[in-house]
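What follows is a group of structures, each given as structure tokens.
Presented sequentially are two complexes of chain A, the first with chain B as partner and the second with chain C.
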Partner chain A sequence: MKPQSLLSSINPANVPDTLASHERAEIDASTRFPVLLFFGSAIFWLLVGSLLGLISAWKMTHPGFLDSMAWLTFGRLRPAHLNTVIYGWASAAGIGVGLWLMARLCRVPLMHSKLLISAAIFWNLGVLVGVLGILAGDSRSIEWLEFPGYATPILFIAYAFIGVWAIIMFRFRKPGHVYVSQWYLFAAFLWFPWLYATANILLVWQPIQGSAQGAVNWWFAHNVLGLWFTPIGLASAYYMIPKVIGRPIHSYYLSILGFWSLALFYSWNGMHHLIGGPFPAWMISASVVASIMMFIPVVTVAINHHMTMRGHFDALKWSPTLRFTVFGAMTYTVVSLQGSSMAIPSLNTLTHFTDYTIGHAHLGLYGFFSMMMFGAMYYIVPRLVGWEWPSATMIRWHFWLVAIGILLMVGSLTVGGVLQGLALYDPTVTFRSSLEYATPFRLVRGVSGFFLLAGHIVFATLFVLMLLKVGQNRKGPALFVTEPQNKTGAAAV
Partner chain B sequence: MNKLPLIFLGVLLTFASSWLGLVAYPYLTLGRMQPLPDEDTGGYFPPSTSGLAVAGEKVYAASGCVYCHSQQVRLSPLSTDIEKGLGPRHTVARDYLRAQPVFLGTMRTGPDLTNIGVRQPDANWHHQHLYEPQVVTEWSVMPSFRFLYKMQKIEGQPSDDALKGLRGPNAPLPGFEVVPSDDAKALVAYLVSLKRNYPLPESPEPAAK
Partner chain C sequence: MTAGLLLLVAGLVFLSGSALLAFYWAVQDGQFSNLTEAPLIIFDDDEPVGAPTDRFPSRK
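== the complex of A and B ==
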């Protein structure tokens, strides 16, 4: 065996050389039930969440729509939508992907998976109780923390099992290099409980006094995005891109720079949601600076992924995993640079309090993170159920429905938000105008919700067909193009 | 990066820095701020709120008003909030001492409510508006909060707290009246209590131009 260079040693595409395929199958099999349970429940909540979002969207232009019952009012459906997709869909999907990646990269089978199955059940119970609590009127209206105090302990206990299990795998990992995806996962699984416990103690269980609540609120809400979803999404991209195209990550050193600059700068971002608000100036300034410094990790990761992909972009034609993952990776760059610009105070005054921010949030959580999760699921699920995706046409439908849907949504909210912001800023323009400018764009956003919901129904159908092993048993993976122009010969979708 | 303890330490320290700066620091300073005594009246700034208004704050939270209405007047000249008439001065940490939870808000789909009690002190107006917003403001996209009200047959004398001057498709038929629930009364008491127009030394009113 020839000596490995540093670069090739950290290439996950090389893992098969050091790990017999039956060992890898054994590791995959050990994660089967917990990961499928997290994925299945996540997809269920995705459907519920999209429906709640769709109804809320139409209420913004048609206030009389479904207005007779308390639990169907906008003020309850909107937080129910947000919390369903954050905790029910995105977190559960991220946990599933994270656990599977951890087992694969640590090269150890998942032990005592029954404990994780109970944790998954508890997690979903927590989400269910929380969403029903919001609809019943027990929300305290603290954004991203609307679940009532009787639901969050269930989630926290479930998470404690999950987090300990993810991190314990490190203890038993096979000797060798710790891959960049593992740094991100390790960090995310440590950051989340700290974030969630702090925010729950100080805002839900024993609420602190005064505007300090706002600081803790946005420290939490922004870090859930930056230090929980983002690292899981990037861990997936760092694994899937090299794996599918069969080529190592471009630069090890850029990976290190990207990781540490993210850890340092992202954690300080939250206060840019409160520019001009009732806080000491240094807190706001620190967040504005940190937000702009996010340029470093974002551009670093973008260069690293782009250089890895260079010369292999034709793989997007045949690989569903890669198409979703690269869409997510490119969106990550766009949404992060947009986020940095939104922290510049003069632009913030214009875009803050408008639909522009809503568009930005969806671009991040959906265009980046959710697309990344779809990509990872297209890779992982066949390896768990031992069956190939039954229809490449349906995968194509899923991709185009959600890609068009999210671009339509973000595009309309962005333009409408700027017009709304200009009206809210100009003292000579009435409040009524800000509403009238935004309305046509809100109608377009309402339409985009149908695209997303339809895409999710297609994906959920595919997932159920996989579980039931319906369709012909393919010899190879379901690819968009039957004869892949795959120069590297990597056997992956 | 094969040294796990090193990664662990770095991950913890970077995060701890923001935890100290953005959580512990505001908790120890803003979280322990006291109201300012008002020497003229023996009261305090911000003034204490009635029990009914505190109950209304909970209804405000349960109904999700914060998703469309902010409660902050931002600094001038960074923003035009003061020129827009949202309040005589920008709001500061002390203004929120008694708020639980604090509804700073992130959207202005509807108008800012920092000083709604100053702009619109009439409780009956608020009841009419909550019952059927489009009858009060034709172009409003606010949802109706009719579920906080009860339509009932007038037995003998009309109730004292029945809504006056209701119009529109959901107005009571002759012989009927609309009365607010306890939640509706509390919510309106909270709304008319929102007045941040008292003086605070840390937020002087900008000189008139």
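== the complex of A and C ==
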């Protein structure tokens, strides 16, 4: 039975243990409403964010496009895109996946769902107010923190609710081992409210002065990726990959090493965005060293996921979850090693202030994190609504559209960025020409936006069909599979 | 400037420090005492090792 109030849950002894053999189904069912609420709103913001991104991308090559009104100008649309996808889509999707995983891994039904539903409402209200604020011209012009000061407390309330909930769930978990995914989730849920509050206090509410603002800004922005998105994405991969193929993690020792080294090194990484800036050299150096140290957690994760998958790569044909998750896991390796290399000062001077960085950011947030979230949603949603995904064809369309879209985007921005960087190096080339080198690649990036938006529309349609339970229910595949012979179920592909 | 930087460094120490504290707890709690059994915790009688749990919906 669920405890009745926050107060009664101070003591775990107040919660009788009534779970029987069907505990997993019961736990899944208990997460239904809050998780679907976070997923639904995340997908809504994904569509809005993709559209804002697409328009911003076209403005890079066609400056006159949709410039008749102030709120449609690049200076507002681009931060609106960034914040919509960061807070509206990625964070909400991550919270949804996190709640579900947390309940499963604690092996207790989700408690205090009203707290989480309030969090979801506050969350979406905060994003809505923030995005409208940016479009109205109230952007703070601080990257990743553009939401105006009147929107951020609303988001913070939602974060705080989730943090408190995570502590309660962790306290009430069934005794036994704390699985590696749980460490990642617990870290993310506890660190983030604190990070967000610190950055907002120092930059938005009581701004500190001078170049220290830049230091706080990048400390925060990089930690959003490292201590919020990365742990949630990896928590999902560490659960989904072994669970889908039915094989435990290759080396559990490495997974533990990976988590703790990430926890130690990642928070020092942010200053590498400021190489060459007006900061004490030791700060930048410490950050560069920490960035290189990130090789340890990244390589442990890469080895682990690869070795777990080895011999099971045919599973990519028959499992939608795995297809997205493995795409995300492979991208994680690439994007992290790329990130470490970009912290090396000699390489940084080439890539800094070019489209290369934009490509890197999208590879991380989309190629890694968003793909992980799609994969997790394909696993979770059928178990929440008790219904199979209505169309395998649409899932494949979703995968190929977004996979081609993101590779096209990152590829074009990377090549364009290097050419742009080389041109900036060359004293005989004017600044204007250095931008012209990038133009054809920016056109390709604009085209890639259509692929992504189309993929998102397909996914949103699938999600709505699931909620409405349209069509004939097909029992079996994703739901409640126990027979090992499904491993050879490639016939269904 | 100085106050901000001090706060920032305090922040870095706090984040890494909280990780160290949690690590200390985990060791004391015996979380790392049996790493061979640990990864099996996500499996159970209903969904044992060797049973895949996801597939594309079949055509009908």
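FYI, the second predicted complex is superposed on the first by the 456 of 493 C-alpha atoms of A that agree within 3 Å, B and C clash if a C-alpha of one lies under 4 Å from a C-alpha of the other, contacts with A are read in each partner's own complex, and residues count from 1 in each chain.
Everything that follows uses one rule, which is that a residue touches a chain if its C-beta (ideal position, glycine included) is under 8 Å from a C-beta of that chain, and two chains touch if they have at least 3 such contacts.
Note that the coordinates shown come from a computational prediction; the quantities given were computed from them, not determined experimentally.
Participant: Which partner does A:227 contact after superposing on A: first (chain B), second (chain C), both, neither?
Facilitator: Once the two structures are laid over each other on A, A:227 reaches both partners.
Participant: Please indicate which partner A:53 is in contact with in the superposed arrangement: first for chain B, second for chain C, both, or neither.
Facilitator: neither
Participant: Given the touch rule stated above, what does A:133 touch, chain B (first), chain C (second), both, or neither?
Facilitator: After superposing on A, A:133 lies clear of both chain B and chain C.
Participant: Once the shared chain is lined up, is A:320 touching chain B (first), chain C (second), both, or neither of them?
Facilitator: In the superposition, A:320 contacts chain C only.
Participant: Looking at the overlay, does A:244 come into contact with chain B only (first), chain C only (second), both, or neither?
Facilitator: second
Participant: Check the residue A:263 against both partner chains and state whether it touches chain B (first), chain C (second), both, or neither.
Facilitator: It touches chain B and chain C both.
Participant: Mind working out whether A:354 is in touch with chain B, chain C, both or neither, as first, second, both or neither?
Facilitator: Touch status of A:354: first partner only.
Participant: Given the touch rule stated above, what does A:75 touch, chain B (first), chain C (second), both, or neither?
Facilitator: first
Participant: In the superposed arrangement, does A:178 touch chain B (first), chain C (second), both or neither?
Facilitator: Both partners.
Participant: Can you list the residues of chain A that touch chain B in one structure and chain C in the other?
Facilitator: Overlap of chain B and chain C footprints on chain A: residues 177-178, 187, 190-191, 194, 198, 202, 208-213, 215-216, 219, 223, 227, 256, 260, 263-264, 267-268, 283.
Participant: Sort out for me which residues of chain A touch chain C in the complex.
Facilitator: 21, 24, 105, 176-179, 187, 190-191, 194, 198, 202, 208-213, 215-216, 219, 223, 227, 239, 242-249, 252-253, 255-256, 260, 263-264, 267-268, 283, 315, 318-322, 378-379, 388-392, 395, 472, 474, 476-478, 481-484, 486-487, 489, 492-493
Participant: Mind pulling up the chain B residues that touch chain A in the complex?
Facilitator: 1-2, 4, 7-8, 10-12, 14-15, 17-19, 21-23, 25-27, 29-33, 60-68, 70, 72, 74-75, 78-81, 83-84, 90-97, 99-109, 111, 133-134, 139-147
Participant: Under the definition above, what is the set of chain C residues touching chain A in their complex?
Facilitator: 1, 3-5, 7-8, 11-12, 14-16, 18-20, 22-23, 26, 31-32, 34-60
Participant: Where on chain A does chain B make contact in their complex?
Facilitator: On the chain A side, the touching residues are 59-61, 63-64, 67-70, 73-76, 78-79, 137-143, 170, 177-178, 183, 186-187, 190-191, 194, 198, 202-203, 207-216, 219, 223, 227, 256, 260, 263-264, 267-268, 270-271, 273-280, 283, 286-287, 345-346, 349, 352-354, 357-358, 424-427, 431-432, 434-436.
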